[in-house]
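Shared chain: subunit A. Partners: subunit B in the first complex, subunit C in the second.
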Partner chain A sequence: MEEISDKFHWLRGRVPRAILTVVVGGVMISLPLLIGKSWLSITIEMLIMALAACSLNLMLGYTGMVSFGPAGLYAVGAYTTAILLAKAGMNIVPSMVAAPIMAAIIGWAVGWICVRRTQVYFALLTLAFSQIIWTVIFEWYAVTGGDDGISSIPTPDFFFSLVNSYYFCLVLVSLCIFIIWKIVNSPFGRTLQAIRENPSRVEFIGVNVKRYQLAAFVLSSLFLGVAGSLYCVFSGSAFPDYAHWTKSTDMLVMCLLGGIYNFSGPIVGTAIYTILTKTISKHTMQWNLILGVIIVLLVLLMRNGVMGFLSQKLFRSK
Partner chain B sequence: MTLEAALGQILSGISLGMVWFLIAAGLSIIFGTLKVLNLAHGSIYMLGGFLCYHVTSSLPQTPWAFWMALIIAPVITAAVGGLIEILLLRRLYGLDMIYQYILTFGLILIIGEVCKLVWGVGYNTVAVPWPFKDTVNLFGLAFPKYNLFLIGMGIAVFVGLRALIGATGLGGIIRAVTHNREIASALGINVPTVYTGVFMLGCWLAGLAGTLMPPMSVVALGADLSVIIDCFIIVVIGGLGSLSGAFLGSVILGLTTAFGLYIIPKLAVAFGFILMIIVLILRPWGLLGEPD
Partner chain C sequence: MLLQAKALLKSFGGLMAVYDVDLQVNTNEIVSIIGPNGAGKSTVFNLITGHIPLDKGTIFFKDKEITRLAPHEISRLGIGRSFQKLNIFPRLSTFQNVQVALFSATGLNRSLFSSAKKLLTEKVQDILESVGLADKAERPGGLLAHGDQKRLEIGIALALNPELLLLDEPTQGMSAAETAQTTELIHRLSKERGIGLALVEHDMKVVFSISDKIYVMHQGMIIFCGTPEEVRRNEEVQRVYLGKDKNSAAQS
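Up next, the complex of A and B:
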């Protein structure tokens, strides 16, 4: 499928990839020594959003299901941890373990209805359900704190140190992304990609397409739950904004910016997007306008995202 | 609940439903012909609302100000729609649908931010226009004349659109393009022009709804997304691409919302969603839609 151009072929293959992994890993591990506190905190946010974007891309890029509601499930994870810690007074471990489980259960219920339709309807349904989740969070004052959210959550002292939080996030996010990588490269993951390419053919071979799509939905929800829970612990709070549709757009743009057909696309996209947000929004109030223009230009000019663009230029792959 | 109260809820539910119908009809026609789901349709509606406020407040305060706005605002939104179709959407036909979604999502952000820059974050009101200012006595119930006017408008637009699409030459062309783009093109129909025209018609309808709504409520940011979600519910209930489905769905959702607000105000939003889920489970292609 891929033609290798002469110039950059040495970038492919096992050895360069291993070197790249070691370098990136080394930089990530020594990062607290290299950058200041404010950027370290931004990096933590970046890590968490990278996990969310990768989870979304499990549906978006790998199964071809456009979801507009990832933020809803992300918020389920965040609120599960927040409620268990702050209201039920539970320990950190069960609170964090419960988040992905809860997100997966709700993701299963939502997904069960959503996968009944494809394409446009699927996208609409996911948007509608994330709005339901947002409404529930906003209105159920007794449990979720309504629009005040839940703040000053009693997280363990361990997380008071930014460096500790960073390493905790780094380990957990890397682990989850590694699992997602294993999933997309497993026979199951290959089936998902086949469904993306041609659902009716896959159906003819005897695969229950809806069941696989639902499985992708649930897995995606599970990891979104982990991301939400991590963000809740890191920030010590949970707000209805977490479920807001603009959060879903953020995630979609991150995936698209990096490239949805590359595994590393969402991660690269998240990094670029976060840095852009943090630097541009310092100087202007019209961040949404700029974001909107970026999205439009991205769709018109660079549909495969940064990673798609790079791999096209460097390796002339199709 | 007394009989009068029930009647009042029915009438206000239907008048709300009629405004939704105008928006949902545009969304549905655009989807039927162009196969584009315009997520920014609610933003066009909101833009219409702000334009209505702008025109009525900048013209001299005569009874005609609102009616001028009713002519001007939808024309402007149609023009905006035309630009969007020609400059942006046209480049995405034949590609994966995800790009349309993302593009129109981007437009939501841009239009919302432009409205915020021009008209600010406040709540703007438009007075109920002459001659619909007072109420009319219906079965012992004082009912706003303006709401009756909205019901009349909704029905008139429904009948007009059906006639336009079902019984005119132009409608025949639209149906031909909807049915089979290639063959229509081979028969000499200028498909890109039809696409632009239909998209503009849809945006004109959204602008019309945007102009009609302010006297009944307020003009403010945030209407874009709340209304697009209501319209999604409507087209899912009625069947996306079906005009009659949009009409039926609007009436159903209008009534559900009105009674929901009356009985359990906090959960009014949920009723629409529950209805949608029931329809999806029993009849996934919508009440008047066709199975795909």
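Up next, the complex of A and C:
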């Protein structure tokens, strides 16, 4: 850190970080008073996707594993909660607790096979498995409702209020993101980063690379399961689309846009992506085209994403 | 006997890369493997650390057979290594490079929720000091100068508290001053820590000044083994490797 000599270095200390946390926290808590219903609902979606993107980034940015299948595990979470609530008539708490467990179990089975290959083959395997999950959801009418999905899920009255839903999501998402933050800053997380940097070297410091990659896969699946479950409860429905590969690429774009080497990258990326999508689509039918151009420009101009770009500009360090 | 490799054999396709190689390293001993490019020196290292599977032969480390073990298991037993090509964790800081190896050595890397920042800092600092990088602790490893990265590699290997250290061309690409520093470091490691060291090295000045024993390899085989003095006097070695012009071999 001795090389930081510019005028923004004071932004790095504990105090500014605490101030930033208080300000962001304050804004998030008072948000229902500040914005209208439709934007509040968008913010809830944003929170849930931010958790999904952070979960993905545990693999993508921290372990260097490019997965094209996070949506599959997200959908496992959503459908677990949906089926338990709507078909099994279970209570909300066990229905939600079961989601990450189920996602972690499926993630373990899928990951166990995927980590046998690396790089592009790994990516292909994750894509293949998420398509399998999608197909199962799509075809298994008796349990998943097939292409009709599961709608009007009997969620508790508590969630009928948008403000309640918002606070519920805010608390749960913050808690999960805090846990992910603890994980990436632990010795375990540092080992994941070393694997990202140089997987073959890590073997020679006595690390079983595949086992750690699998652990990252399972942890990522677990939190994706939480995100899926939250979205199911918030929207009161579950559809095969949740598992579709385009959902996975959405998550990837959010991570890349914000910056995969910064912890807050996926969160910022999700916010930018969601706000862009919603505002542009209000004005034109061709919003996909405009969004595409903006993303291409952002990626070209800002290496390592928006947060990577900012931290480099402000602190001149990686 | 710290390391005992017997009758190692490895072929790549039709090419016999390593043929009937015996290698022994004792505690406190500095052993060098020399030979022309393509003689199979690095392959021998790769066979010992499990990077490449053996075709034939056996390897014992402290009387335990390690022939078929995986690289991470072998390194956990106490064999560290550095690589010919730079091989560090470029985006991690110099400090973190060593720290992550220490996490592995202590089993701390299974800890999911403790904060990595303040763990083992003294030990990391010790190692950085012994390889001469204490003042560059916060710099990303990838931004260090070539010689510093080479020494950082040794630091990473040291973090595992190895009893045997395999160094693949530790002074390659270094300036004269850096080479002297590194030679001194290698000497010190053997003296102070009692580590058995095996080097692949092209700089004959380094080899002859620090080795207790030298293996000469040629076309996959060990053609001679002896003390520096014996190697210097041997005619076959003169012919295939040291050649008429000593300096050209030293510079390659």
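Please note the rule applied: the second predicted complex is superposed on the first by the 297 of 318 C-alpha atoms of A that agree within 3 Å, B and C clash if a C-alpha of one lies under 4 Å from a C-alpha of the other, contacts with A are read in each partner's own complex, and residues count from 1 in each chain.
The rule is simple: contacts are C-beta pairs under 8 Å (C-beta built on N, C-alpha and C of every residue); 3 or more make two chains touch, one makes a residue touch a chain.
Keep in mind that what you see is a predicted model, and the values were worked out from it rather than measured.
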Using the touch definition from the top, say if A:Lys182 reaches subunit B (first), subunit C (second), both or neither. second
Identify the partner contact of A:Ala18: answer first if only subunit B is touched, second if only subunit C is, both if each is, neither if none is. neither
Taking the superposition on A as described, I'd like to know which of subunit B and subunit C A:Ala128 touches: first, second, both or neither. first
Touching residues on subunit A, where the partner in the complex is subunit C: 1-3, 179, 182-183, 185-191, 193-194, 196-198, 200-209, 212, 261, 317-318
Subunit A-touching residues of subunit B, taken from the complex the two chains share: 31, 37, 88, 91-92, 95, 97-99, 101-103, 105-110, 112-114, 117, 225, 229, 232-233, 236, 240, 266-267, 269-270, 273, 276-277, 280-281, 284
Quick check: in the complex, which residue numbers of subunit A touch subunit B? 60, 66, 68, 113, 116-117, 119-121, 123-125, 127-128, 131-132, 135, 139, 245, 249, 252-253, 256, 260, 286, 288-289, 291-296, 298-300, 303
Contacting residues of subunit C [partner subunit A, same complex]: 49, 70-73, 75-76, 80-81, 83, 87-92, 96, 99-101, 103-105, 108-117, 119, 138-140, 156-157, 159-160
